[in-house]
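Below: one structure in structure tokens.
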Amino acid sequence: MDARSLSGILTEVREKRPLVHHITNYVTVNDCANVTLCIGAAPVMAHAHDEVAEMVAMAGALVLNIGTLDHRQVESMLAAGHRANELNIPIILDPVGAGATRLRTETAKTLLHKLHVSVLKGNAGEIATLAGAEGKVRGVDSAGVSGDPAEFARGLAEKLGLVVAVSGATDIVTDGKRLIYVDNGHEMMGKLSGTGCMASSISGAFAAASKDYVTSTAAALASFGVAGEKAAKRCEGPASFKIALLDEIYRLTADEVAHNIKVRFA
Amino acid sequence: MDARSLSGILTEVREKRPLVHHITNYVTVNDCANVTLCIGAAPVMAHAHDEVAEMVAMAGALVLNIGTLDHRQVESMLAAGHRANELNIPIILDPVGAGATRLRTETAKTLLHKLHVSVLKGNAGEIATLAGAEGKVRGVDSAGVSGDPAEFARGLAEKLGLVVAVSGATDIVTDGKRLIYVDNGHEMMGKLSGTGCMASSISGAFAAASKDYVTSTAAALASFGVAGEKAAKRCEGPASFKIALLDEIYRLTADEVAHNIKVRFA
Amino acid sequence: MDARSLSGILTEVREKRPLVHHITNYVTVNDCANVTLCIGAAPVMAHAHDEVAEMVAMAGALVLNIGTLDHRQVESMLAAGHRANELNIPIILDPVGAGATRLRTETAKTLLHKLHVSVLKGNAGEIATLAGAEGKVRGVDSAGVSGDPAEFARGLAEKLGLVVAVSGATDIVTDGKRLIYVDNGHEMMGKLSGTGCMASSISGAFAAASKDYVTSTAAALASFGVAGEKAAKRCEGPASFKIALLDEIYRLTADEVAHNIKVRFA
């Protein structure tokens, strides 16, 4: 595995144009739809309990994001997730706000327990909470953790048998054995709402294109980060940054990713 | 009917500033609100079962969009729709994803059966599905149809006694007798989420201003397309295109529409 | 109280970075999240009945916005609001569409009756409706009032024991005794969806930073208006205006507010 093979997954996404079924929050859902289109995949958002199993069967990946969860939505996530598991469609779980409220923490744990999730992607506080490490989450933001995120991510990945990704200035992706640090990205990505959710959508598109989820997730986060670096050069604040970010994702080539990717294999 | 009379409807929208009541999806709802304002009308989004009948009574048009439907929302669509019918307020139905899941197909059929819809606007796959022709819908995207969309649209319009609009590189608008092709638009409009929904919102605003719904819908789609052509000249990707598109809709004049409209009367 | 002390609240917001819990509509929720970040606070949106009391306990302010209300959401607003009151966390209520439907009018009155709201912010028609004055609301827009908004706002503030803010070309902020006119802003702010909601979010962030809610609300509206004036100089329509507005809010300094603030103390 090297930078070239990572960057090649972007090409596969664009060739396959996988459908990415989202059950997600209403805050950043438009950003998720557009980032999925810009990366070269096709988004669909559907949450009704009596259609999610049918919809997910058409999809290449299922993204579950609990950013504005409620009980009905969680029931639909379970229904969609069970069907995805039957069909070996990868599930990406973004446990937004786990650690902030019992509902979010317990829901994330329930989804991890009842479904076979392929990729769990959160911030350090969320992942620490789910790993049983000390982590604080204020609202939907990580507010500090004790210990090394790489270590508790690795432990959680091993325990649950999935890929864990921790977003941050340096992203961490691990399946418990392999561990990749992704150094791409820009601080502007923390200045607006939705970049974490967008990263999960892109991770879904990449998981639909490549079944090695450590690789696909690292490639997704690196690609997103490279686009963010380019966008930061031509923005005047968070809102123009978001516009530039989406445009850059649309224009991003596998060559650009290969030349600008910054990953370290631990 | 000629290009000049079509373009004049934009002027009427701006003079009347009709209220357009939407019961719509949470993915593109902000785009729908802003496009309605930019074209010169006033949007309101309201879905609670115990207020929709009262709200729609103030409106010049009702837009029903099933992009993220569930049962409660459909009940509200029916309540609003019945009241709209009593008051002769035109209903625009966008059957997003009909053909992709049974829920969407059946809901679209139920709404068409129980309400008098004035304009049914969808992509080729959705309209083919509702016309009983062969059409494939993957997520919310048309994935190929058999046969000539103009023919099955015409047949469906005649059978249901309404105006059918099929969006695509060339849009089709027909009431079963008259048929208009609209060649305006730009491929960038297919690169972002929400353009189909926005077209339905604009069609609602135009239907509120002119009771000849073949004409009003063709004028709406042509106006939207002309703005899209202008926006495509100054964008760097789908996100900056959306910003330019909304700005161009706001700045669009009836003269510009008259000079740039490309319609063919079949 | 002078312009300098008003502008200083922006600095406090940025130092404290308060969490602002929103239970709000799905039309402009993304704008609310981003404006909260841009002003220097942290947004969280959560509506599930079994987490709102826990979430609001972490927050510096609670923003309740009934733009797309339904019964379940109102129950959650009450649960969050009761907990906020117990903890002396200020509540900002935006009674979107009060006066347009009975549900909206009655819900706004119920929230005002059952909760101790700190700041009630609406357009002239909404506030007139709640003050028992003559006001018309069409959809979510004020459609004319009889009488002087300053007078009925003052009366309502005195009667309810809270701060009332009336948005408009000139904003009015009063607690029944003191009254401040805010002349900042730009007509472009009325050309797009969401500026009223954003003003409520900023008012929430400022209320979390300063417990004198007349001052904090006037400072919030003035700061928002100054950013709007700057944004209007470099836009080509409502959509590019929104991007510029958010960027300008992010870049806004207390000095700029102090130099450009236009307030009159009545």
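Letters A, B and C mark the chains as written, and numbering starts fresh at 1 in each.
Basically, contacts are C-beta pairs under 8 Å (C-beta built on N, C-alpha and C of every residue); 3 or more make two chains touch, one makes a residue touch a chain.
None of the values given here were measured: they were computed from a predicted structure.
Residues touching across the subunit B-subunit C interface largely differ between the two copies, under half of the numbers being common to both. If you lay the C-alpha trace of subunit A over that of subunit C, the rotation comes to 120 degrees, to the nearest 5. Centre-to-centre separation of subunit B and subunit C, using mean CA positions: 33 Å.
Among all residues of subunit B, those that touch two or more other chains are 26, 30, 243.
Put simply, subunit C touches subunit B in their complex at residues 25-28, 30-31, 67-71, 97, 100-104, 138-141, 191-194, 235-240, 243.
Residues 19, 21, 26, 29-30, 33-34, 37-38, 42-51, 54-55, 58-59, 242-251 of subunit C are the ones touching subunit A in the complex.
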